[in-house]
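Structures for review follow.
In the two complexes that follow, subunit A is the common piece, with subunit B as its partner first and subunit C second.
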Partner chain A sequence: MGHTDSLEALSVNVAKRTFDAVIVGAGGAGLRAALQLSEAGLKTAVLTKVFPTRSHTVAAQGGVAASLGNSTEDHWHWHMYDTVKGSDWLGDQDSIEFMVRKANEVVIELEHYGMPFDRTDAGKIYQRPFGGHSMNYGKAPVMRSCAAADRTGHAMLHALYQRNVRAHTQFFVEWMALDLIRDAAGNVLGVTALELETGEVSIFHAKATVFATGGAGRIFYSSTNAFTNTGDGLGMAARAGIPLEDMEFWQFHPTGVAGAGVLITEGVRGEGGILRNSGGERFMERYAPNLKDLASRDVVSRSMVTEINEGRGCGPHKDHLLLDITHLSPEVIMKRLPGIREISIRFAGVDPIKAPIPVVPTAHYQMGGIPTNFHGQVIVPKDGNLRTPVPGFYAAGECGCASVHGANRLGTNSLLDLLVFGKSAGESVVADFKSGDLSLKPLPADAAEFSLARLARLESQQEGYAVADTRLAMQRVMQKHAGVFRFNDLLKEGVAAILKVAEAAKSTIINDKSRVWNTARQDALELDNQIEVAKATMISAEARKESRGAHVRDDAPDTPEHPNGRDDQNWLKHTLWYSADNHLEYKPVQLKPMSDDVEPIALAKRTY
Partner chain B sequence: MSKRTVQFKIYRYDPDKDEAPYMQDIEVELDPHDVKLLDALVKIKAKDDSLSFRRSCREGVCGSDAMNVNGTNALACLTDVDSLAQPIVLRPLPGLPVIRDLIVDMTQFFKQYHSIKPYLINDEPPPERERLQTPEEREELNGLYECILCACCSTACPSFWWNPDKFVGPSGLLNAYRFIADTRDRATNERLDNLEDPYRLFRCHTIMSCVHVCPKSLNPTRAIGKIKDLMVRRAV
Partner chain C sequence: MAVERGRVRWQCRRSMLELDLVLERFLATEFDALSEEQLADFEDLLRCDDYDLWAMVNGSKPCEVERWQETIARLRQC
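Take a look at the complex of A and B:
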């Protein structure tokens, strides 16, 4: 290898920083975990690619679920039922019970931190209806989504950052984590990271490492996600031998702005918005007679694509549908949906007070991720135990898979997930720290070698593929082969196609060789992570021969034997994908709730 | 919209190889779906990967891609490229040190934000449930809490250019008032003390550039006026 000399020279210069804990990512989950650690007095480093308030939690709109019951009667058990049903029974019922029972506590905490929730006339937190959330086990919509206008994520992320400023959390802003460091026994010892401004690599050596790196929606061509959502935590974990769970399940949000992909919250339908086809028909009445436009997201997205496929799409190309709120009063729109009006005017050229918004299902959220239990500990199969914690490693938020969303996430459960599991991961670190379970294990001599080799490869690569072209090729494959509906032949072709792109990605070239704020290098490093996620998705999806939640395939149709195409006998199990050889393993779903006195939600056909 | 060619003049500086900054002429062909200035920058970067700028959400809520566009601070993701006179002149936000190309060092900006104690202060033991607030009291926070910390306003403010170390600047002051206006906050006096200084608050000369450039249509000048009012009322 021609670059060995320079690599060794670099290696000597790698700075080592030591902490009790390192948190990677400063979105909602990372900031919530950081509070736990800072307030417990642990020496904590929070690494983030972007200034914390620029993390993608900022773009969440509609609300966070909690059965506060401020406007309608509500109960955590109804929330549990809705979440299990929404997950198409793939969610782990112990984690789901844990999450819904913690919801009130973490939302009230946020209010105490200063989050500017909207208010009811009684002065309590305002709650609105949301898709898939019901009272009395599916009987009628419930007002469960706690909202700050249609800027809930923004209000939440800023409140969490502000609370961290108060707690003196130590941030490393605009640092990109590169690789997970493990020793021969598999213990996690921290990460390597690149300071964007200087281009220098450091080792963050810690007793505990918490991943809160968010999602990877940018593996698709059309996505509601930010550019920065490149699945860095998933890539790092996969390269370090940690399997990724249930990656075939991607949520396509029903209402991305047609063309631009920008999110229009489901809260629009919560406030009374209606989806219409080219005939002006409220078509969701046909697909979900009970909850109609507020059915679960996977159901609404499939209904929309069916309308388009059957020729009832809108516009000159009949390629989108219309989200109509012209029947709502301008006052309600200005008060409850001001951000949506702004987005609609700016990105669709339409004032929703006067005309409906053109929308289309758009890639939005990954239900799968790094496998964890509800304590936020990363768990892997080891020595016959399918749920063995990896010492020193925790994950929370969209990058983690507890698994509360199973095969389909309900709207507002993502902000709840990042609060509950951000906090529980933080609490687990503090508890493990105090019990003496965590110690600073010695770094292997080659701790930074893998990252340095990746950088050296980019530095010296003369021939190969441009990063932008390779990324686009990946996005087109994912869009075509792993979309809202899935087809056996397209899935098979998709696996071959993505493996080909993955091969090309091994020889990406960058022209920019500067040390200072090299975004070309950053793009290439992010692409490595995206490729891991894309492979996991295609391979897991091709293998799952049933329809469940967001994964619906043509060769697993709705039959009396398999309602909705779901095959519980063979496929009521979680997928685990390993990067090293692309092999798959499976593990059972936790059908038993956390508490002995809570009844499991029994398997049933999912209808809305 | 159709395919069209657009002319740019972009500020370039890479401290690793350039002795001094320069303006680069760039021409780019845009596709029909390239609508925003950010779309054009992404297209340029696909051809020349050395062009450096921050961006993330691409929908105007994360505050990453603020820059100076034809002389006015704006978010690239919210600016229609066809609305701009050509050549479109792009420079980094004024008044802050340039790190590279369109990327500025925002340390001073955030230092001022942090100086106003940007968090709710209320040491009373919290109730079991939410602290109550009427819808009218909550409405007082509208036009304040939506700030995205993009720095368009502060870096358009001549007073901030002169004294970035001493004058809090429009963004920081807007955020200071966000907490003063919150009925749940108990530190109004402490917050006013923190600003009672010839520079921190009173360097605002109501030039109102901040209002003109804010991509979220917020009004820092009005918030600053309200803080000044409270200070006067406190004195008499």
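Take a look at the complex of A and C:
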């Protein structure tokens, strides 16, 4: 099939499909939102690049937080306090109150959908402790995490998928959304999307569009994320003029396998694993004398990077550290950590029974995203109102920013986020639909032109840069200039470097010009999205001249005036990055809770 | 009808990084040389749930489906 002919055919005849709602992404948030819509009788389409049960939600092991109080006493006030403190006070307290109060409801619902939670002897959902979650405002650890063995995300996704099948949600599997469609007034009217099997572009015209495309951790060289996490929703939103919020905040997991990124669970340190530097020293004793290797993720990650920066890294390039479990008996390793042994042998070439595992802090979770309120409505500054909903546009899960995680996320709050805000976005669509606020607005004549031009550019490009090389250049720049520890000079150089890579990304070339199942073209289209996220991250990070949560600058150290380097006077505010000209705006943090049932959590130093 | 190689290649996008990495190596080293029959077996294997597939690749669970066994053995070397 000649590609020129097919392109002409595309531009004159783009198929159009019409729905009440189109959801992009079929991970936890997308499926939870879809369920709300389908059960309300709305004609709902879910677009997904991969089969729903291959979404990255599957990889979430830890659990989902809810103050059920089944295993220890608990209260949503305490969960709220922990989340605000964990966020280093950058989280919006109205959204956080909403999330923690909805937690029990969404977990019980999931139980009714058939989710196989672990049980107490009395038959209730068993709950286990998790880092950062406490009772009585930080006094003691609490058991708040509801889990299904070590595959909570997997069980959750399967339960939600089955329920959607029952509700007749219409799935478009192996379709990639390309661009958001907006009219001149800024209303969102749907998306353009590419069917991988045919290579054809269609318009999905809808009254409501929900983005649930997950995170973009693959912008970093070292990432725990699956390949599919390319931030497609963020890229589409940014190109369509929607700002991205708080993109400087990325959580790094301390123990990714060096070179591969595969996660080694905190449980290994729980079983007695010890981090060592090139001298064999248990260096965490110096940084966290009490908790040592079990200190919180950001503390351990920063300590590791300090060791590397001061020349005590391991290996020929002194670029990683060692996670040592050789002192544990082989029986314990085989019995309690069999998966870890397999991962280490396969991805590091090391049998941890005999030698320590090379590890490095690895990008894991994106706290920022598409700005929303706790209703899941996408909000932007407009006509003096900093939180104006964009008609017809909603977002939930890791791609959205409600903002509940602020500058740092607590473990088990991510699965909670996608359940609560997936449902809430769905409820908002249904409410707006019933009230008549949502209507099928006419499509502009050029609704698909931008997407078609992107594809035409890829087809005609004869000289330029290979996609894989450009992606690697981006990942190396992000790793070096916007990693765990940030330095003023490196950030400034990083902005110039990432803009240069972004320029190169405008002339990527693909050798395979075929239409059907063209994975090279997929990679190129995904890179366009990743580049938007990378620019947002670097530019937002360079501008924020304080340390807060996961954003830690060398030139904003811990002082009596600015504990932990945090500067509430100047920086207690959300960043908004705009793609068109890379400019930044800011908006205040919602320090007031949603209701009068709880006092605001007052600013304090974040210590554990 | 011949199995569409591009379609099978896309099925190698999985939910977890462990599988992405193993399958990436397989695609780079073995995939192009697969016969039509081997390709069909590989595609059939890729219909597995990710946790089951990973368990077979890492050896914690035996592969009991005969037509998958050759591919699993190759994946275990990747």
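Quick note on the criterion: the second predicted complex is superposed on the first by the 504 of 608 C-alpha atoms of A that agree within 3 Å, B and C clash if a C-alpha of one lies under 4 Å from a C-alpha of the other, contacts with A are read in each partner's own complex, and residues count from 1 in each chain.
Here, a contact is a pair of C-beta atoms (placed from the backbone, for glycine too) under 8 Å apart; a residue touches a chain by one contact, two chains touch by 3 or more.
Keep in mind it's a predicted model, so treat the numbers as computed, not measured.
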Partners on subunit A (subunit B, subunit C) - clash or fit: clash
First (subunit B), second (subunit C), both or neither touched by A:260: both
Subunit B versus subunit C as contact partner of A:151, first or second or both or neither: both
Partner chain(s) touched by A:58 [first = subunit B, second = subunit C, both, neither]: both
Partner contacting more residues of subunit A (subunit B vs subunit C): B
Touching partner for A:519 - first (subunit B), second (subunit C), both, neither: both
Subunit B versus subunit C as contact partner of A:113, first or second or both or neither: first
Partner chain in contact with A:346 - subunit B first, subunit C second, else both or neither: both
Touching partner for A:228 - first (subunit B), second (subunit C), both, neither: both
Contact residues of subunit A, present in both the subunit B and the subunit C interface: 50, 53-56, 58-59, 151, 154, 197, 226-228, 260, 262-263, 339, 342-343, 346-347, 514, 516-519
Subunit A to subunit C touching residues, read off their complex: 49-50, 53-59, 151, 154, 174, 196-197, 223-228, 260-263, 338-339, 342-343, 346-347, 514, 516-519, 522
Interface residues, subunit C side, partner subunit A - complex: 4-7, 9-10, 13-18, 20-22, 24, 49-51, 58-60
Residues on subunit A engaged by subunit B in the complex (per definition of touch): 50-51, 53-56, 58-59, 68, 108, 111-114, 116-125, 148, 151, 154-155, 158, 162-163, 165-166, 197, 226-228, 259-260, 262-263, 339, 342-343, 346-347, 466-469, 510-512, 514-520, 523
Residues of subunit B touching subunit A in the complex: 14-17, 33, 35, 45-46, 48-50, 52-64, 78, 99-101, 103, 106, 110, 114, 117-120, 126, 128-135, 137-138, 141, 145-146, 148-149, 179, 182, 184-185
